[in-house]
Every structure is written in structure tokens, then in C-alpha cells.
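Each in C-alpha cells, the structures are laid out below.
Across the two complexes that follow, chain A remains constant while its partner is chain B and subsequently chain C.
Then we have the complex of A and B:
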């Protein structure tokens, strides 16, 4: 390597700062997508024509358009959109982080909602009917009967979405966010050592996805704890 | 309140450039899909092989290229190839030096890694009893693979393959970072010229939407073709309401394969 050790560690420190930004964006994006996605998924179970129409259009757009384009759209047009919504005298500076967070939420909430629909479809009809027969109020029925089973059914898909969000997070660097990948690019350009810094950045993501495995296994055991006794 | 201000004149004016960008996106997609189909079978067989010398490198390949984001892979290929002297001074530099080839190579590495799991998942979904039965009937392993396992696996894996193709097609939007002028790059250029935040992105989005839904339509036709005998039986047996259950079952299959992927 033709760079001094001090320089090298400087770049490493910069990349670590970037990694923190990446993790923050990823965690907040995934959490918001999960919360909104579950809410949207439950609301759109309704047979109301208006709700169905809005949901179909939203889902179709999200599933048919690259997330990068939505990040750009929100970053370039975000402040104009907010002004359109809340009045012209409002001026908001849309940061890359804000635009990225909004884009990840909007995109992956649709995928989570779709997942909720699939899980509800896979849940035996009798569960709903039994709740009705026992006169359990809908709110309690959802909280204590339906949701715990949905969590189990939707978990594999949710882990999948988690991994996809993780790999979509670096796209926000193209809107100017100073995250891990942006800093890796700076370091690689300045030192002419692309392999060192880009492989280090990829290993961060590879390790992060690998760490998902034990977490998802633990969750799976936890959500299926009512089933294990039956199986044994 | 003013709805999204879209400038139809600008959209119309930029349409030829957008369509050229879309063409690039389509060409890249088709090349990578073809390369992926060719490369995924040997890598999958290596991954499933009992020989650790084959299985381990294939497993590492899959874990690395599936785990790393496409954006970094493109940077790695684009900026990395120039650092390898054998490549730079070699006779093939006109290939490795071009942004288009770098984009294709980066996308292919990622796509093949995903395809290995799609193919493996669908091959493993074929019931073992069928293989055993054909062995008992004295059918040679090669014919069993070609005539029994492969056609079934194709049908089982179609949904997962469709998901991967759609995901991947949308993923090609990043190739503009290595200076390939694809649809997203054109939209960005138009934005930088006009500072209209909505028109170029929405036009490009509409074109992507058409492309993705065309792919979905193609897969639906292919699926109907591959399971033509099944559909006839199902229609006979279940008049109307069973479509929902069938959908749920297929969705479950796609998921269980994804689960294995992890």
C-alpha cells in the first residue's frame, strides 16, 4: 500500500462514522416501514372500494418503480411537495437523510403490507370465526389471537425485507448522504486503493446480513413456542 | 394546493432520450439474465456438490456477492479493474475498461449469487420419491435430472425467479454510477438541465413501471404454459373460490424457498 498508516487510519475512522450513519438510516427506515406497513396492511384488508383503489395504485407504483428513483424524487422534489401540502410560506430543507428515510419507509411499507395480507390469507378462517363466536372484541382479538400468529407466519418474509432494506440503504449515498459507501468511495479515490476500501465496505454488509441469521432463528423459535410442544 | 406540477411539453421533449435510456436498461437486463441463466447452473451444481473443494468456493461466492450491495459491487468492479495491471495491459482491456462491461460484470456477479439459491431451492423442492422411483425403474441419473427433476424444478422455481428478475431489473437503476447512460441517468440529466424535480423522474418512473409489468405479464404467460396440464385439472376440480387458496399455497412456496435462501 502506498499510503501512510496515519492516513489509512484516518480513512478508517471516516468510514466508521459513515457506518454509523448507514446503521441509523437502516434501523429507522426499517422500523418505520414495519410500523406503517403493518398499519397499512391491516387497513387495506377492508373491502371498501376507495381504500382498495388507493392501495392498488400505491402498491403497483411501488412494486414497479426502482427505489433509487423514489429516493431521487423525494430528494429533488421533497420541499416542493411539502410546500404543496402545507402551504407556500413553509420552507423545509430536505436533507439526504430525510429523503432517504422517507423513501425507504414509503417503499418498504408497501412490501410489509403485502406480507401482512399474505399472512392473513394463510391464517385459518376458523381463528376469526372462533373469536367472533367467543364474543372477543375485535381489538382484543387482533391483539391476543391474530397478531401473534401473523408474526409467526410473516417472519420469514420480514427477514427477507430486512435484508433487502439493508442493501438498499447505500443507495441514499447517491442523493449525497455521507454514509459508509460514500466515505469508502472518497477513501478509494484519494488513496487509489479501491480494493481495500470497497471490500471492507462490502464485508460490513455481508457480516450484517450474516448476523441476521441467529436473530431470525431466535425470533422464529420465540414466535413458534406455542407450536413446538405439538410437534414433539 | 397545486397538484404535482408536471410539464407535459418537457416530458414529450425528453421522451426520445428517455427511450434510448430505456433501451440501454433493457439491453443490460437481457444480457445479464442470459449470462445468469448460463452461469447459475454450474455454480449451483458446485454449491450442491459433496466435494468440499467445489462446495466451499461456491458458498463463499454466494455469501459475498449476495450480501454486498450492488452499488459497492459496481464501484469495486469499475474502480478495481483499472488497478489490476494484467487486465490493464492485456488485450481485453477494451472490454474491461468500458463502463458498460463493468456494469454487466457487476450485475452478473450479484444476479448469479441470487440465482444459485433460486435454482437450489427449486431443485430441492422436487420430492425425493420421484428420484428414487426413477432410479428403481432403471432410468439413468442424467435422464432423471433432465426429464424429471428439471421440468418440475422449473415450475416450482418460476415464482422465485420472477421475483428475482423484477428485483434485479429495478436494481439496474444504479448502473448510472459507473457512467452508463441508462433510464435513471437520462432522468437525472434532464433534472440537472431543467431543475424540474417531478417531470423527468415521473416520466422515467412510468417507463420503468411499464417494463416491470411487461415482465410480470410474460411470466404469467410462461407459468400458464409450464403448468398447462395442472390448470386443466384444477379447473375441473375446483370451480371458483379455490383460486385464493392456490395463490396462498404458491406464495408459501416462494417464501419457503426464500427462507432457505437465508
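Then we have the complex of A and C:
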């Protein structure tokens, strides 16, 4: 090793700080994408042509433009956009974290919305009709009958999105966020020990993805209540 | 003579006073895009009557019955259910749906809820019934359809016949005045049809107003006050069960009966 042990532990500490930033960005990004995505997914089930037109434009931009460009757009253009929206006297400092969070939310909300559409299409029409025939009002029907079944239908897709968001989070380091990957790069450069720090960062992501499995299995069991065919 | 014709119904001997009208459809048309599914439907069902509707596939039976609780909006004519006219307003629609229970061919139970929860949901949400009371009602109707001991199971754990009986109990839990059945036994294995028909016959014996789309001719003979034959969106013939099967009028009905009875 080319550096003192004290320095080495200093870099390790920096990487841990970075890991915390990565986890915060990932968790908040995924949560916001989930909440907005479900809302957008339900709203865009409407056949209203204005809603449909807005959705089409939004979805085609998101599906076509790389996430990195959207992060850059929001980071470097965010202040100007906010001034355009809320007036010139507003001064907002767009942080890399804020831009990254907004970008992850905007991008993955579209994917979650698509997932909701697919799940609704896969739900038998009879479920909606049974609710209507039983005089269950639409809001209650969604809450008690439709949403629980959508959750189960959409779960595998959500796990997928969860994993992709996790791997996309480090892109925000390119907008200057000192996350795990940015700090690994600094440490690797300073110590000339690229393997140690990059492999450590990789291990973090491997462990984080691996933790997803038990979580998704648990959710699957919970949502599958009553839905598995009983083998005779 | 026109005057005679108009007076004829009033002059006909009435053994008992006519019961009040439960469902009245007059001149009802229904279009799916450019396809006309119902053509000038006139149908009157009185309280306590049991009506069986039959006819070839695609003749508009489901559409007719689904217009009665406005799962499908009609395009022309009037539909009145227990005095409430379906005019498209959400309030009236809701009121009519509270009057009508419906049983579907595919059961449409809620797969993520237990049998008991399936039966408790609508009374809790729609009628604001307290939990204990909703459970008591649910258990009572589950007993009535002879499935009380399965209350804690999920729909997928029951046979088709059991699921359909739960669906009937679920509808009854809303204490409807009218029951609509859309081919309730068509998706069932033959050995399960009887248990469902038995429950329907019990219900008929208790005086429920029932409109059933079914091809179960034995059921129709035992239970129906009147049978209605539909073809191509029209009501072609309407008669007592005895005349309907024994002495059909139209060629279309004769052909149809020959096909299903052969």
C-alpha cells in the first residue's frame, strides 16, 4: 500500500459517507417515483384526449432520452426552468442531489405508470363490474378491490424498476454529487488503489441488490394471499 | 278494432290484484358503436315475479340485464327500477344498484379477500354497516347458501359451484329487492349446476323478484312465471313457462328450443 493507514481509513470513511448519500438518493427517488407513478398511471387511464396527449409526450421523451441527459438538463437548466415557471425574482440553488432526485422521480414515475397500465389491463373487467353492481363507489372500489390486486400484479415489475433505479443512482455523481461512486473515484485516484475502492463500491451494490430478494419474496407472499390455486 | 285492442288488457280477468312494478323497460335501444344490441325492448316485471330470459348467444340477453343496473347505459327509451328512473345521474344509478343484486357467469369474487370479507365489503362501504353487524349479515347469508363453514377460506380454495353460491350470498348481503342472474351456471361443471340452481330456487320460494338469463329449462319450468325469448336484440316471444316450451308461437323460438332440447 502506497499510503498511510490513517489516510486509508480517511478514504474509507468518505466512502461510507458517500454510501449514505447513495442510499438516501435511491430511497427517496424510488419512493417519489412510486407515489407519482401510481398517481400518473391511474390518472392517465382516463380517455380524456388532453390527458392522453400530455401523457404520450411525457412518456415518449422519458423512454427516448437517456437518464443522464435529464439529470444534466435539470441540474444545469433547473434554476432557469424554475425562474421561468415561478418568476424571475425567485432564486433557487439547484443542488446535484435535488436535480438527481427530480430526474429519478420524473424518469421512473413514467415506468411505474406504464406498469400500472399493464396491471390494470390484466385485471379482469369483472372485478370493476362486481364493484359497480354492489354499489361500491369508485374511490372505495379502487382502494379496497383494485389497488390490492394491482399491487400483486405489478410487484415483479416494481422489483425490476427498484433494481434499475439503484444502478442509475450513481449517474448523479456526474452532476457533482459526492455519492459512493464519486468518492470511490476520488479515493482510487488519490491512493492509486483502483481495485480496492471500486470493488468495495461494487460490493455495496451487489449486497444492496441481494437484499432486494428477501424483501420482494416477503411482499409477494403477502400480496399472494388467496391468489394461489390450491393444488388438489 | 283499435278501441277494443287498447281495452283488452284492462278487461282481462284479474284473479289477484296486480302487484306493483319492479322493473319497467319501454322502447329501450342500446348501441355498441354502430352495432345495435337492443331494439325497442319493452318488458315489465312485477314484484315477486321470476322471469327467465333465453335466446341464442349474442342475442342481447346480457346487455338487457346489464342495462337494468346500468352496467351498460342505454341509448333510448326508459328503464325504471322500483320507481327510480335511470336517467344517467350518478345518484339514481347508485340508488338502482342498491335495489338490485347481480350474479355473473364468471362469479367475479374478489380473490384477495376471504369469503367472509367478500360478503362484508359492500355492506360496510355502501351501506355504512358496522363491522360486527356486517359480519352477522354475511354469516347469515353464507349459511343460507349452505357454505357457512368455508367463511375463512379464499375464493380460489373453493369449487366453482361453491364460488357461485358465495357470489349469490355476497349480492344478498346488500339486501336487494331484485336479483339479476346472467347465466349463473354456464361456467360450471355439470355436477355443480344443481347446487346453484337449488339456492336460486330457495330464493325464488322466498318471494324474491328474479330476472335470470339461463338455458336451464328444468329451472325455468319449475320457477319462472314468464319466459322471454330474445333474438337479434329483440324480444321475440314472451309466455308462461308452460306455453313457452309446450306451445311456442314463433318459428325462431321453435328452432331455438329444438336446438337446446334435441
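Keep in mind that, in the parts below, the second predicted complex is superposed on the first by the 227 of 232 C-alpha atoms of A that agree within 3 Å, B and C clash if a C-alpha of one lies under 4 Å from a C-alpha of the other, contacts with A are read in each partner's own complex, and residues count from 1 in each chain.
Note that a residue touches a chain if its C-beta (ideal position, glycine included) is under 8 Å from a C-beta of that chain, and two chains touch if they have at least 3 such contacts.
Not measured: the values here are computed from a predicted model.
Novice: For A:157, decide between first (touching chain B), second (touching chain C), both and neither.
Specialist: first
Novice: Please indicate which partner A:149 is in contact with in the superposed arrangement: first for chain B, second for chain C, both, or neither.
Specialist: second
Novice: One more residue to check, A:190. First (chain B), second (chain C), both or neither?
Specialist: neither
Novice: Return first, second, both or neither, reflecting whether A:53 touches chain B, chain C, both chains, or no partner chain.
Specialist: It touches nothing on chain B or chain C.
Novice: In the superposed arrangement, which partner chain does A:135 touch: chain B (first), chain C (second), both, or neither?
Specialist: A:135 sits against chain C, while chain B stays out of touch.
Novice: Please output the residues of chain B touching chain A within their complex, sorted ascending.
Specialist: Touching chain A from chain B are residues 1-5, 63-64, 66-73, 75-76, 79-80, 82-83, 166-167, 170-174, 177, 184, 187-188, 191, 197-198, 201-202, 204-205, 208-209, 212-213, 244, 247-248, 251-252, 255-256, 258-259, 261-262.
Novice: Once bound in the complex, which stretches of chain A touch chain C?
Specialist: Touch list, chain A to chain C: 124, 126-127, 129-130, 132-137, 140, 144-145, 148-149, 152, 223, 225-230.
Novice: Note which residues of chain C are touching chain A in the complex, please.
Specialist: These residues of chain C touch chain A: 69, 71, 94, 97-98, 100-102, 104, 106-114, 121-122, 125-126, 154-157, 170-171, 174.
Novice: Show me the residue ranges of chain A that touch chain B in the complex, using the header's touch definition.
Specialist: Residues of chain A touching chain B: 60-61, 63-70, 72-73, 76-77, 80-81, 84-85, 118, 121-122, 156-157, 159-160, 163-164, 166-171, 173-174, 181, 184-185, 188-189, 192-195, 198-199, 201-203, 205-210, 212-213, 216.
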